[in-house]
Amino acid sequence: MNAIELAPYRDAAPLEVRDLACRRGERLILEGVSFTVSPGRALILRAPNGAGKTTLLRAIARLTPPVRGTVSLSPERMTWFGHADGVKAQLTVAENLRFWAAVHGMQDITPALEAFRLADLADRPAAYLSAGQRRRLGLARLLVARRPVWLLDEPTVSLDAATVATFAGVVGAHLAAGGLALIATHIPLGLAEEDVLDVTPFRARESAEHAHDPFLDAGFATARDGREEVSR
Amino acid sequence: MSIWEYANPVRFMRLSDRVLPWLAALSAILMLVALVWGFFFTPDDYRQGSTVKIIFIHVPSAMIAINAWVMMLIASLIWLVRRHHVSALAAKAAAPVGAVMTMIALVTGAVWGEPMWGTWWAWDPRLTSFLILFLFYLGYIALWAAIDNPDTAADLTSVLAIVGSVFAVLSRYAALIWNQGLHQGASLSMDRAEHVADVFYYPLVTAIIAFILLFVTLVILRTRTEIRARRLRALLAREARE
Amino acid sequence: MMPDLGKYAVWVLSAYGAALVLIAALVIQSIWRDRKMARMLAEVEMRSVRQDGDRG
Amino acid sequence: MMALLRRDLALALRSGGGFGLSLAFFLIVVVFVPFGVGPDTGVLARIAPGVLWIAALLSCLLSLDRIFQLDWEDGSLDALALAPLPLEGVVAMKALAHWLTTGLPLTVIAPLLGVLLNLPGAAAPWIFLSLLVGTPALSLLGAFGAALTVGIRRGGLLLSLLVMPLYIPTLIFGALTASRAGDGLDFFTPFALLGGVTLLAAALIPFAAAAAIRINLR
């Protein structure tokens, strides 16, 4: 399983998140999120659905700009993998992957194909892949992006046990090469280098939500009787 | 205290609550004065006959139609730069007012055009430009209505207002080149003697002030409605969470 | 009282009429919507005040 | 950037939807005009430049919503936003791909369809040139509308409503160029302005559309 080996990432640096507050839509979801992930470590985000795992990952990627707080690494060192896998049905497996490789300035897609057991399927149009194969193709993008920080949102959804193991092997190789990963997942990957962070305690307090949304301001209740206030 | 304090929704509600009745009364009175003056106490024009009385609606509504868009553009820029919610909502509130003013300018223009030019509608550059402006208002209003998240809607409509302004101006010049029109030149300029006689000038200025006041009143009123809608939305969302 | 509008009476009156109808519609719609929103908000506002009291 | 262009072209050609469809639509609109206005060749010749321009513009609208919608739905746009390409470049490339698969083919067949409308010979090359210069603006402005409406389900109709007013200068200058050329009048001014509008769109729209996409991705 650990047959995969990745070239070490240059200038590995820890990902430090300090006092991050993030929103989804108008609403403040999380506040005061602080943690550090060292190169070679994976952080598993655990929380019930809707608690803000995706929100946190999107804030770290700066896709949704954080309301407050700092993230030590720039989005240029990160790559994102979300619920949707970004696979184009009309293109072949190799074409799909070659596109993402070219976007990230890479040439060789063979290691990525092999790591996800897709080498035999390279010339097959993605429309004719099984759900699991398709998902693997989506994940293979992570390897051609060559970014040291992986932000993964439920990457193992709809994967069978064997594929989860393959994926865990790839993440392990990524960590061994000095990369780091943030993974929102319910299914444990069984990585040796993983820490777990429960997001639930960072849920935004009501007072913070009110401070964030000017339309929840308590002043409104009196503003309704503005004239009364003037006369007072 | 800086002027931006009033960009806080609560402060805006308090202040506007005090100002609005006076503003509404003033604009109603002035509107009455201007239209009665214009309709009953102005002479006929020697060329245009009594149709010249339409000027007291046509010109002010046309001015508001354009300036409402300019105001929306400025409010949108303030929102994009300073993130003041009242600014974004004021832009939203002004759009229907601007659209109705554009419609009034178009309708009165058509009714004026029929006896003067012998046709209800001529593809005159000015009329055409107002028709185009009307389309821009429709698009802007439709985009606000289509987006569920109000902050996203405010951002996207602001971007549309900027790009739309550029292309609205371009359309204006395109229409000019496309058809050299029948329309008379500006009725009102700094050098007024050249254009409009005093008997028309003073009621016209009164009407313009009345329309400006009406516009301000309506925008404040509608901004208050939008703020209340946002407050309602926020409260309901909070209830749903509990 | 009525000024002599001459042969253009129909046009002048219809221009004024149309403009006044449009303005009136806009004003009435604005007021009506504001009232409605204020009413709905007051309802929810009362509810949340009561809940805050329960919580307190 | 070239990879993105190549991918979008491959997608447009293979999915069959956009590419052939807008050409067929163009043909149908042009064929329908004589049914509407009558077969009088004199009338048709006079309105031909305008009809061809309007038909091209409408055909362009058909495939606009695909510019960003599919990449938005399958998460590619999230990944592209983090990729080393600037989002402005992504917009420009996607607009270019749209133009190559829609505007350019329309431009090429427009003079041929002009025959159906009895388009004056003198106007034929200028229909071609005005569309060649003007349709890139249609794709760019369309990409802007697509970026604004990417988060909206069934945004197609709204997209048309937003984009069509922006098309007015291009339509006016484009049709004016061709019709004045057909009448043997001076057409340099509208033609130059047509190019100006396209250049302005090329300079302004990638930034506006990229801003709209960033807002929608939040």
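In order of appearance the chains are A, B, C and D, and numbering begins at 1 in each one.
Here is the rule we use: a residue touches a chain if its C-beta (ideal position, glycine included) is under 8 Å from a C-beta of that chain, and two chains touch if they have at least 3 such contacts.
Computed from a predicted structure; not experimentally measured.
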item: Chain C and chain A - chains in contact with each; value: B
item: Interface with more contacting C-beta pairs, comparing B-C to A-D; value: B-C
item: Rounded Å distance, chain B centre to chain C centre (Cα mean); value: 16
item: Inter-centroid spacing, chain D versus chain A (mean Cα positions, whole Å); value: 37
item: CA centroid of chain B to CA centroid of chain D, Å; value: 32
item: Distance from the mean Cα position of chain D to that of chain C, given in whole angstrom; value: 42
item: Residues of chain A whose C-beta touches two or more other chains; value: 220, 224
item: For chain B, residues contacting two or more additional chains; value: 231, 235, 238
item: Residue list for chain D, restricted to those that touch at least two other chains; value: 218
item: Chain C-facing residues of chain B, complex; value: 35, 39-40, 44, 49-51, 53-54, 57-58, 61, 96-97, 100, 103-104, 107-108, 111-112, 114-115, 214, 218, 221-222, 224-225, 228-229, 231-232, 235-236, 238-239, 242
item: Contact set on chain B toward chain D in their complex; value: 132, 135-136, 138-139, 142-143, 146-147, 152, 155-156, 159-160, 162-164, 166-168, 170-171, 173-175, 177-178
item: Partner chain A, residues of chain B touching it in the complex; value: 8-10, 13-14, 17-18, 85, 149-151, 227, 230-231, 233-235, 237-238
item: Touching residues on chain D, where the partner in the complex is chain B; value: 141, 144, 148-149, 151-152, 155, 158, 161-162, 164-166, 168-169, 172-173, 176, 189-190, 193, 197, 200, 204-205, 208, 211-212, 215-216, 218
item: List of chain D residues in touch with chain A within their complex; value: 2-4, 6-7, 10-11, 14-15, 71, 73-76, 78-85, 217-218
